[in-house]
Structure formats: structure tokens, C-alpha cells
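In what follows, chain A forms one complex with chain B and a second complex with chain C.
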Partner chain A sequence: MKENETNWSQIPQKGPVGRTVWQAGIFAAYFTQFIKMRLAYRMDFFVDTLAVSFSMVIQLAVLSTLFSKVKALDGWSFEQVLFIYAFSLLPLGLFNLVSVNLYRFSDQYIIQGKFDRVLLRPVGTLAQVIFESFNVSGLNEILLGIVVMTYAGMKLGLDFGVQELLALAILAPSASLVYMGVFLTITSVSFWHEDRMGLAPPVYNIIRFSRYPITIYSLPVRIFLTFVLPFAWVAFFPATWFLGSEEFGRLALLTPLVGLVVFGGSLLIWQRGVRNYASTGS
Partner chain B sequence: MEALIKVRDLTKDYRLTRKREGVTGGLVDLVRPRHELLRAVESVSFDIPAGQMVGYIGANGAGKSTTIKMLTGILTPTSGTVTVGGLVPWKQRLQYTRHIGVVFGQRTQLWWDLAVVESFRLLKKIYEVDDATYERQMKLFDELLEVGKYLHQPVRKLSLGQRMRCDLAAALLHRPRVLFLDEPTIGLDVLAKENVRIFLREICEGEGVTVILTTHDLGDIEQLCKRVIIIDKGRVHFDGKLDDLRRRVGRQVRMTVELRDSATSGELASITAGLPVVWEEIEGLRHHAEFNRVEVPGAEVIKRLVNELRVSDLHMAEPGIDEVVREIYRQSGREAS
Partner chain C sequence: MSEFPGKQVNTAILEPWHRTATASVGLYFHFIRLAFLKFLAYRLRYYTGVVSYTVFVSGHYYLYTALFASRVADAQGATIGGLSLSEVITYVAVSWIGRSFYFNNIARDLMRMITEGEIAMQLIKPFHVQTVMMFEAVGESGFRLIMFTLPIMVVIVPLFHIGGPPDSILYLWTFISFCLALVIYSQINFLLGCLAFNMKNIQGVLRAKMVSMDFLTGVVVPFTFFPEWFQRVVEWLPFQGISYIPVTIYLGKRPGDELYAALLLQVAWAVGLFVAGRLVWRISVRHVVVQGG
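After this line comes the complex of A and B, so read on.
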């Protein structure tokens, strides 16, 4: 009998680069499967796409009506506010794309027991949960965001060069890490408390506050959105960098750091949750 | 040869929260929850060499699933150790799960809405199965399980038996060296059960896969496992060859006899005089006869009965797994006292 028949610990493992490449491959495979699955229910897919396109048109209409009445907001011009609003849709879209299963986590994975199966596969637990379903309407939000941002940017006379595009490619994903971190923390609670606490919907609603310049809010709200529930970092701070704001533009550069800290912290909580699950089997 | 699976003093306690009654009780629970320890598995030890097929049996709530969950790395034990292939399941999860396959009879691991083949492709990617191995395995599964027929059907449209075949194939796609099965034949009809058993025998004997299965079905054990571990209330009560188990429990069978004319238990006993048969009257014309098949040929009992009496119906029942477990438990309780 060969040595590694009874001793598997000798079998070499992947390095960090190999792991990342492999994980990316799995992500792609899951995504392809998801699209195929959606296409299997062809009617649903069309209805969905139609509904999302429709809601995009409505959102645009609401925006233009709102801002046809309001010319400026606490020193921010209509176009600037519109730009911030549009920017906020990018990280939100990215987050919505991968976060569906976080909302279903308690119900499907803990109560219905799908998490057992997650633990039986040689892929990271969070990666599996997130990759198993997507919300395609996130793509529409991203598209809407880009369209409106371009429009507002043109009106403001901002020029978008390589530097700006690079900043966008870094700031938008970093900002979505803030969302991810906040909601992953909330999701992790279900490792300890089976009954859903219903914390996610109210927090999700607070996201709306983050789409406008935070200077319009009172000081406590500003502090809350900057440090406690750091949604000021998902749109306002990073967007002001593009607007050339002296005051907040520099804070924008902290966005990747805030994103990493919030997300990193939530990962630790998640891992603790997984350990708790493994010891209680709930 | 060194054992592939080593389990030592494995113990698992669950902490249960006992809820108090009423609103005030609920409030008190928030501040000072009452906990109760439930010992699901208690110092279980065994070794399993590579290539063996072992039946892990016990009644509901005996601790079977908890043990399997610890062996597969889903649960962390309260104390004790497990190594499989030199790895600790719950500590080296990512490394370990590449070498094992797991099937839970009650749940599918396939993607519900996808065609079966899509699930296989996804698993191929996850376990990094190379093309040659994939082809080889698919050919094997088609020969033994005829999965080829269902490859392009969505999982949700498969019957339970078809789904189980596909689940078995999915669990073995990456050629794991150990296969864990939790109730693999539950809910299957006779034919489907037989298919699964033939396949498992082939996988174990032909491919050398070590198999641990939990079951309620004595037929699974009798046809598949040379070795049986019986667990009850979290403890191992028997670990040995199936033949030894049979000898120890005997083959107690219960025959139900329905007569046309009434007869007392005493009269029936005199008919089977000389044979160790215990008679019991159930109601009116129906009687139970209990005897050990090893000692008493069933045909002899039947012959004597039909010669002497007018019998309208006969039925023989083998003991279920629960009865075997109870018998073993009763015996080890007696030994302990």
C-alpha cells in the first residue's frame, strides 16, 4: 500500500497564488451555473429583466423630478448631489450582486441545514455561501450608476482620465466591502441565534441616508454614519474625491482602508460563528 | 497495517437551553439562560483499516449522526480524537474534505435546479478532477448506476431512487478513499435498495474505498457489512463481525398465526412440544410464536401446525434493527450488573 493511502497529510497543498486562481475559477464556474439555472426558468428570467429595467426607468424619473424642484442642497449643486447619488449605485450594485444568500442564510443554511454540506466541500465557507446565488439586478444598478454618473460628470465639466478611472476601479469595490462587512456581521449573528432577528432590513434602509451629502445631517447622524454604521464611506466620501472637494476629498483615500477593516472584522466574526456552529451543530 | 480511521474516546456534549414558561420566564431566560448538557456520544473508540465496509447502527437518537458529523469534520467533539488518513477532520477541513465523500440519504448535495451533469461539472471544478479521471468515473457510474440516463434531467425531476444514484456518483466523482453514508437506502423501494447495495459492494471491493454507513435497515448490514458497530445512548455496545452479532442476538423471529378454530396457548405449545417455541395469544384466533431460527427450523413449526390445526394465515417477521439493538443493549446491561 502506498504511503499516502493511509497518510494524507503528506500530499502537497496549494500556495496562496494557486489558491486564489483556483478560487477564481470556482467563482466563474458557480456564476456560469447560476446563469444557466436562471435560463432554465426562461420566463422568470425575462420577467425579471423586464421588471428590473422598468424599475430603473422609474428610479431615473424619480431622480429627475426630485431634482427639478431642488436646485441645490446645503451648498451642494444639483449635479453634485446627482453625482454622489449615482456613485452610490456602483458599490450597492456590486454588493447586491453577491449578497442574496446573506439574507437567506439563517433560513436556508442554518435552519434548513444547508451549512453542513458547505462544510463538506474543500472551498472556503463564505465563498461557497456567496457564490451559490447571485442577484443579477445588481448589474442594472451598476449600469444605471454609470449612466447617471457620466451625465452628471459631463454637466459638472469633470474630466475623466486614466487616474479617475483607476480611482473608480479602486474606490467602488472598496466601498462595497463596507456594505459586505456590515451585512456579513449581521448575518453571522444567526450562528448564535437561530431565530431571525430581522436586523438586516432596517439597516438596509439606512443605506438611503448614505446617498446624499452627509453635511445635510445633524452632527450625531454624521458621527453615526462615519464611525458606527460607516455608510458615509460607501458613497459620500469617495464620490467627493471626484468632485474635487478640499474638505472631504482627502478622506476618500481612506475608503479602501475602511473597507478592509470593516470587512476584515466581519470575516473574523464569521469565522467565530463557523466554529460555534461546529461545536453546537445547531 | 496501520488503521486509516482512528477514533479515540470521542465524546460530544450538546448544550441545550431550557426555556422557562411565560413572559417573566422569557425575560429571566434572557438574563440567565438555563443550560442542560446532553451527552450525545460518549467515549467512542474504534479503528478502521483501509478498504473495510463498516455498518454503524443504532436506534434513533443513539448518536450515529453525531459521530458521522464528527468524522466528516462538520462537528467539533467535546473531547477525544479522530484522525483519518493522518488528518484531523474538523481542524484540517479544506485539506481533509478532498479525500472523503459524504452522502446524506435525507438531503441531496446536488444543485436542485441544475441538470445532473452540471452538478458533476461543478464538482469536477471544485475537486480539480482531471479529465481522464472524470471520464473514467463517469463510465463507472454509468455501468453500475446507469446515471447516463439522467444526466440531462434537472435534479428536482428525479425520483428518490434516481437521485440517490446521482448523489452516490457525485460523492465519488473525485475518487475519495473514504465514503461516509448516512441512511443511504432510506425511503427507497426494494429494487432501488438492491441497486445501491450492489454499487456499494463494488465500490468497496472493486475500488478499495473504505465505507462507513449508518442505517436502520438490517438488510443493508446483512448484505454489505462484515463488521458492525452498534451504538446506543452514545456508547458502543458491540463492535465485531456480523456473524458474532448474529450468534449473540440469535435470530429471533416472530411468527403470527391465524387459526380458523380457537385454540389455547397451551394447546399450541403441546403441538410444538420439544421445540423451544414461546406461544402468546394476541386476540381470539391470532397467536404469536417466538423462536430462534438457528435452533428451530421455521418449516418444522409450520408443518406441525398445519397437520394439527386449520390455519388460515401465517406470517414471519425478522427482528428489525431496533430490536437487535435493544437485545444487544439488554445483554450488555446484564453483563454490566
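After this line comes the complex of A and C, so read on.
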């Protein structure tokens, strides 16, 4: 680790590229620090891995039990639903990895006033808040998602070439941008409205149902999941591209655009919020 | 609320060895009342919970509707595990309505108490932590019944056209059964919280509990959907007494003496787990080391 030799206090004046590299270096150091901290409690990580795998086994048991009653659910086979479910774990894992502080934001940063400290530093506010804490179990979700996706993909006889891997590398992160955008918007509300309860839990609970084929829902729910709370874009639309669905596969290609729009919009709200921020003075 | 701080407390009644049964009842009733008032102060938190519960029931409503439609399309009959579609939807709705009532976080509270050392203060008080926590759970559920369960019912029952039980006396039995569920649930939570005496961090255990509880109690999927061997296993576990028994009582699936047998089974688990909690507590407390503070 060479981080001790770097002089972080020196802000480079090399233009936007130099600045970005410099910022990325800082956040890499944040992550290293966090991992060091976590490694002090190795047992926790182990138990957490067990808990995540356990919950996954239960959800798979439920899914296979339900499918044992029918040949296909609304025309979707068990392996197809399994594939969509497994795909959904990749963006969710990526998002969970960096989203811990969004849930705590209202409480710790606004009410307890930690945000004052964030504002004093010459780096982006959002990046600081996000990278100050990580949820390592996100890595578990990504790993398990890949395992189950490979299994379902093999059962379905999908061939995964360079094109598919490339699509995965683009679709999964763009889908997690949708999550990020939705929850960042909810978090930003606390700049105007201080309350600890928040809208995050009910919205988070909707994620559970965005993994099923959207065709099982009534039209108003489908419209809601596509345009209002765009969770159809985090699992169903992108995953169907790999399944070769004519109807929804084309929509999958819009996922990066949706991700950028939702996340970009939430960024604007966040920045307005930062300008609106008045410290509690504590 | 105002008369309590100023009131003269007769300290003699607080000593367990001098306390009459009536005084004990009065003492523990205070804990019910205090828990009720404590949660009343945080009632705003529960508004978004109503949305969450509606989301859960809606999600399952669509899932089961699609499942039954696909089954009919396959010409495989209109029931699964002995339940028709409308029964399954009633099952899901009553399960979540019940969950909004008996749910509590005793395990997490006890873990905090132990890891933060507050347990030392609890141990010098003249009443048993387990009993106090159980009565606090009763107070919390009393609060939940009025401020959480009722609003959820007002939303869910008309939205999904949830019908009543076949016999209206079953309303009463279902409620009694959910009250017993509350005792079983809080005692399982208490036992899990006791693990914190031996393990430094039980966050992982609590996470595993969160996901497995809804499954093992039958909230997510009715047991009769599962293979025979699974149904045999859960019959021997206390978890069915938390949701599966009260909900099947509501659906009228326990005719005649089966109803009383199911309720007695719940009572037996409630008592058994309470005694187990007492024993585990007695053994665990010997190991407590609290850093001075």
C-alpha cells in the first residue's frame, strides 16, 4: 500500500481528467480503509455470507415449490424466472454495496450534523457520503447471482459469448443506476423535510416483486413499474434481452438511457438539496 | 400519564419476596402501559409501514392469481394444497394482518442491552427481565393493534375483497390464536437474543432470522403447498403456532376438536418456550461480565 506516501492535501490543477483520477484515488483509499476495518471482524463477514446464502436458498425453495404446481407461470418457465431473479441480484448487489449511508443519511448526516464535515472537504459531496461506508454483503449477492445465472443459463441452453458478457457489463451497472437514482431522490428529500421514518422501506420492499415477469401484473401496476417507479428496468427488461424475448428484449437496450436519466435527475435534486442545506449548528 | 411521576410508590411491593400476586400483576401491567405509551410517541413511523404491508399483500395477490390462472390453463384443477385462489389470497392477507400485530424486535433489544452493558442495570432490579420484556411486547402489540393492524385492515380488506371466516365465532378464536402467537414469537425472539451472551455479534443471526421466520411460520407460502416431508417437519416446530395455526383457524380449516387441539398446541409451545427462556437466562447470566461504567 503506497497510500501513506501520497500527499492527499495537494489538489492537482491538471484539469477535469487529473481531478477525476485524484478523486478516484481518494475513494480507493476510503475502500481500503473500510476493508481493513471489516477484516478486524472476520467472523461477521462469514456469518453474513451464511445469512445471505440462507435467504437465497429459502427464496429458491419458494420459487421451485410454486413452479412445481404449474408447467409455466403466465408463459414463463421456471428456468427463465430463475434467470431473471439471478440477474436482478447483480444490480442489487452493486447498489447494496454503496447504499448503506443513503438510509442513514437523514439521521446521521442531517439530524446529527455529520454533513457539515462533508462540506468542508474539497471532494464531491455525494461521493463522500456514499463511499464512507460499504455493505460487504453486496459482494455475496453478486457472487450468488452469477452462480445461479450461470446455472439457469446452462439449463436454458443460452450461449454466453463476448457480446453477452459485454451486454452484462453494461446492463447490470445501468440497472443499478436506476436503484441509485430512486433511492437518492428519496434520500434528498431529507434536505427539505427532516424525518427519520422515510419512504425508503416501502420502496425497498417493492424490489422483491420487481423480479417476477412483469406480465403477471395488471396494466396500472405495469405502467407504475415502467414509468413512475422504474423497477421494471432493474431486472425484468434487461434480463429478457438474454432470454431472447422479442417483445421486451428491445426495451432492454433502453436500460442504460433510463439509468442515466433517473440517476441524472436525482443528482440534480441532490445538488439543489445541498444548496438548501442549513446546518443544525451542533 | 401525569399521575405516575408524582405518585408515592410503596417500595415494599417492589421486593419480589414480599410482593403479593396482585402487586405483581399491577407491576407488570405498568410495563404494558409504558410500552404502549413509548410506541405511541413514535406512531408516525408506522404510516409507511401500512404501505409496505399493502405492497407485500399486493405482490402475492398478483403472483398467486397468475399461478392459479396458469394452473387452470394447464387443466390441473383450481386448488393448490387444498386451497382455492380466494382462500389463498385470504390466507396471505390474514397472515400479514396478523404479522403486523405480533411482530416485535425483542431479540435486537436484548442484544443491545447485553452488548452495551445496560444489562447490569436490569439485573439489579427486582423483577425478571424475561417477564418484563414479554409484557412490554404485549404493550407494543396493543399499540400495534390500534395504530397499525387496524389501518392495514382498513386498506387491505376492501382492496382485495377479503371475506370473513365461515363461522363468525372464528373471529374470536383467530384473535385468541394470534395472541398466543405473540407469546410464542416473543419467546423465540428472547431465546435468540440470549445468544448475544455467548456471541459478541448476533447481527448475522438476526438477519437469518428475519428471512427464515416468515418462511417457517407460513406467512409467505401455505405449508400445504410444500412436499409431504416438509409438512411433517414443520408440525414439530413452534413456528407454525405463529402464523399457520391462526390463519388456518380463520379459514375454517380446523373443524371441531382440531381447533381446540391447535390452540392447546400453541399454549404448550408458549409455556414450553417461556420455561426454556427462564433456564437459558439462568445459565447465561452467570457468564455476564460488564465493564465498569
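The criterion applied here is as follows: the second predicted complex is superposed on the first by the 231 of 282 C-alpha atoms of A that agree within 3 Å, B and C clash if a C-alpha of one lies under 4 Å from a C-alpha of the other, contacts with A are read in each partner's own complex, and residues count from 1 in each chain.
In this text, a residue touches a chain if its C-beta (ideal position, glycine included) is under 8 Å from a C-beta of that chain, and two chains touch if they have at least 3 such contacts.
Predicted model, so just to flag it, every value in this text is computed and none were measured.
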item	value
Which superposed partner A:Arg42 touches (first chain B, second chain C, both, neither)	neither
Chain B versus chain C as contact partner of A:Thr65, first or second or both or neither	second
Touched partner set for A:Pro122, first chain B, second chain C, both or neither	first
First (chain B), second (chain C), both or neither touched by A:Arg208	second
Intersection of the chain A residues that touch chain B with those that touch chain C	41
Chain A-touching residues of chain C, taken from the complex the two chains share	44-45, 47-49, 51-52, 55-56, 58-59, 62-63, 65-67, 69-71, 74, 76, 80, 201, 203-205, 207-208, 211-212, 215, 220-221, 225-226
Of chain A, residues touching chain B in the complex	1, 5-11, 13, 22, 25-26, 29-30, 33, 36-37, 40-41, 113, 116-117, 119-124, 275, 278-281
Complex contacts: residues of chain B adjacent to chain A	1-4, 14-15, 50, 66, 69, 72-76, 84-87, 90, 92-100, 102, 104, 107, 109, 111, 113-114, 118, 121-122, 125-128, 154, 177
Complex contacts: residues of chain A adjacent to chain C	41, 43-44, 47-48, 50-52, 54-55, 58, 61-62, 65-66, 69-75, 195-199, 201-202, 205-206, 208-209, 212, 216-218, 221
